[in-house]
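For clarity, chains are labelled A, B and C in written order, and residue numbers in each chain start from 1.
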Amino acid sequence: MIQTVETTAFLQNLFMIAITAEAMTAAIAAGRREMDWVGVCLLGCVTALGGGSVRDVLLGHYPLTWVAHPSYLLITGGAALFTIAVARYMHKLRKIFLFLDAVGLVVFTVIGCNVALNLNMPVVVVIASGMITGCVGGVLRDMLCSTIPLLFRAELYATVSILTGLLYVGGLALGLDHDIVTGGAMTIGLALRLLALRYGWSMPKFVYGKESR
Amino acid sequence: MIQTVETTAFLQNLFMIAITAEAMTAAIAAGRREMDWVGVCLLGCVTALGGGSVRDVLLGHYPLTWVAHPSYLLITGGAALFTIAVARYMHKLRKIFLFLDAVGLVVFTVIGCNVALNLNMPVVVVIASGMITGCVGGVLRDMLCSTIPLLFRAELYATVSILTGLLYVGGLALGLDHDIVTGGAMTIGLALRLLALRYGWSMPKFVYGKESR
Amino acid sequence: MIQTVETTAFLQNLFMIAITAEAMTAAIAAGRREMDWVGVCLLGCVTALGGGSVRDVLLGHYPLTWVAHPSYLLITGGAALFTIAVARYMHKLRKIFLFLDAVGLVVFTVIGCNVALNLNMPVVVVIASGMITGCVGGVLRDMLCSTIPLLFRAELYATVSILTGLLYVGGLALGLDHDIVTGGAMTIGLALRLLALRYGWSMPKFVYGKESR
């Protein structure tokens, strides 16, 4: 249905932005727990490259990104260190954290869909690949920091990833220009996530009364 | 020693039962934490398909089940959603949770052994493959829900998985009919787990006095 | 730059020591939580073989060590059981735990570097492979025991792994004898970790004031 798509320079640039953004979220998260500089670098690498690594391992897509391009380890570690240096002069760290995390979420989602499309995976797996790439890095960060993952508590987090993936796959299926589809899917996904954060939108929660357990 | 065995229709049907049961346990577990519908679907997929995915990744057995059969993602997500819809009308959710989890444990153990046998793995790896398939999905569910994994606190949990695997491998080594061995190993394993839950059986615990630490 | 190196008998012997040491740390850690004997064996296997398994999965290096040599599962499980049996007669368990963990850290780091070198990986990936092999087993142990990983709170933990890896890779690049480089890198790494534990050395911590969040 969907043509195999090339990974464009546009997507490649977005990838660099996203790994930097995710590494910065890791450094901000680490500041809430007493981690040393080396731990912060590690957490930056895991957060930025973990989602793609899990995706590639599950799809059997070797070599992993950071094995083929070891410089990504240095870039993400460096971005985390840089964030440490400047974070104490930044205000509203929580808001910056959530914004950068949202950018990483939508960009990685599109990249994950792109990778699976290029492996000729069926649509359901393409969407799953986008979600894994978009969400797993942040889940690993939150688990290693012993906080409840944003994925499970946050406003429309997974929903945004699914919607972004569907818009990307749907736009390509309609034969639209790849870069336009990429930009559009990410913009809509990012806007939805930021609006959900701003106005506290969320999907219906699902809680059993305590008496029934 | 053991002949390579076909994955029978019986085993295939059991697989569908087990992924449904495990997805339902995920939905029940999610109800104890405030997850939205999308999170519940995700947790259902991870719980039902996580054990097999980890096994396949460790054994280098590609493509993973849900990549080859993406409909499993829809089935497990759907089973989780269905459970949300009906759970508030069910009583004794805790007991249902433990029963479904026990069914998933023994069925996935047998399936994991079967996969490793078909890859001509040595017996120790076959048993380990059964344990990984049987236990990992539940461990991931419990870790993502921030509860102590059943595996480590529960009555004979891992023991049941090992015993079920040994009965399955032993029965096949004796040349017995595959479906009879499958049914027998699972029935004995399930009975043991349910009796252990009912009567609080457990293996000897291992606790150091606090003063020695 | 660096010649492909053979895995020497010296390294193989060190591997047996390290998996035994790591399995023993798992048994000691399990004693702080009420695990049964089977759970302790499992935790021993995961701690001793988890780091190498994650490394091999990430590098696409199949079959995994314990799949090719299933006896390692029995050795590590046995070492964990043995530790249970003797632990109640041992004093200063916490110190023994930290010493064994430090031995596992430096030995696994060197082995992880060696594996990546033999796969002709670039230097950054070689160091990362050493860190993953050295640190991940302990992180899995600590996460399954619901304690904050040593990696993130401990004195120079990750730093020791990086330094050990750099000394190993650097020594080989200088053309020194493999066993001497191996022994030297491990000795220096172990000494640094033990001194850091003894004197409470640590890298600068990174904590934001609470008011800025």
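Quick notes on this one:
Note that in this section a contact is a pair of C-beta atoms (placed from the backbone, for glycine too) under 8 Å apart; a residue touches a chain by one contact, two chains touch by 3 or more.
A quick note: this is a predicted structure, and the numbers were derived from the prediction, not measured.
Overlaying the C-alpha trace of chain B on that of chain C calls for a turn of 120°, given as a multiple of 5. Of all residue numbers used at the contact between chain A and chain B, under half are used by both chains, marking a mostly different-residue interface. Distance from the chain A centre to the chain B centre is 29 Å, each centre being the mean of its Cα atoms. For chain C, residues touching at least two other chains, in rising order: 57, 143.
Interface residues of chain A, counted against chain B in their complex, comprise 57-60, 121-125, 128, 131, 139, 143, 148-149, 151-153, 158-159, 162, 202-209, 212-213. Across the complex, chain A is touched by residues 27-28, 30-40, 42-43, 53, 57, 62-64, 66-67, 70-71, 73-74, 84, 87-88, 90-91, 93-94, 143-144, 146 of chain B.
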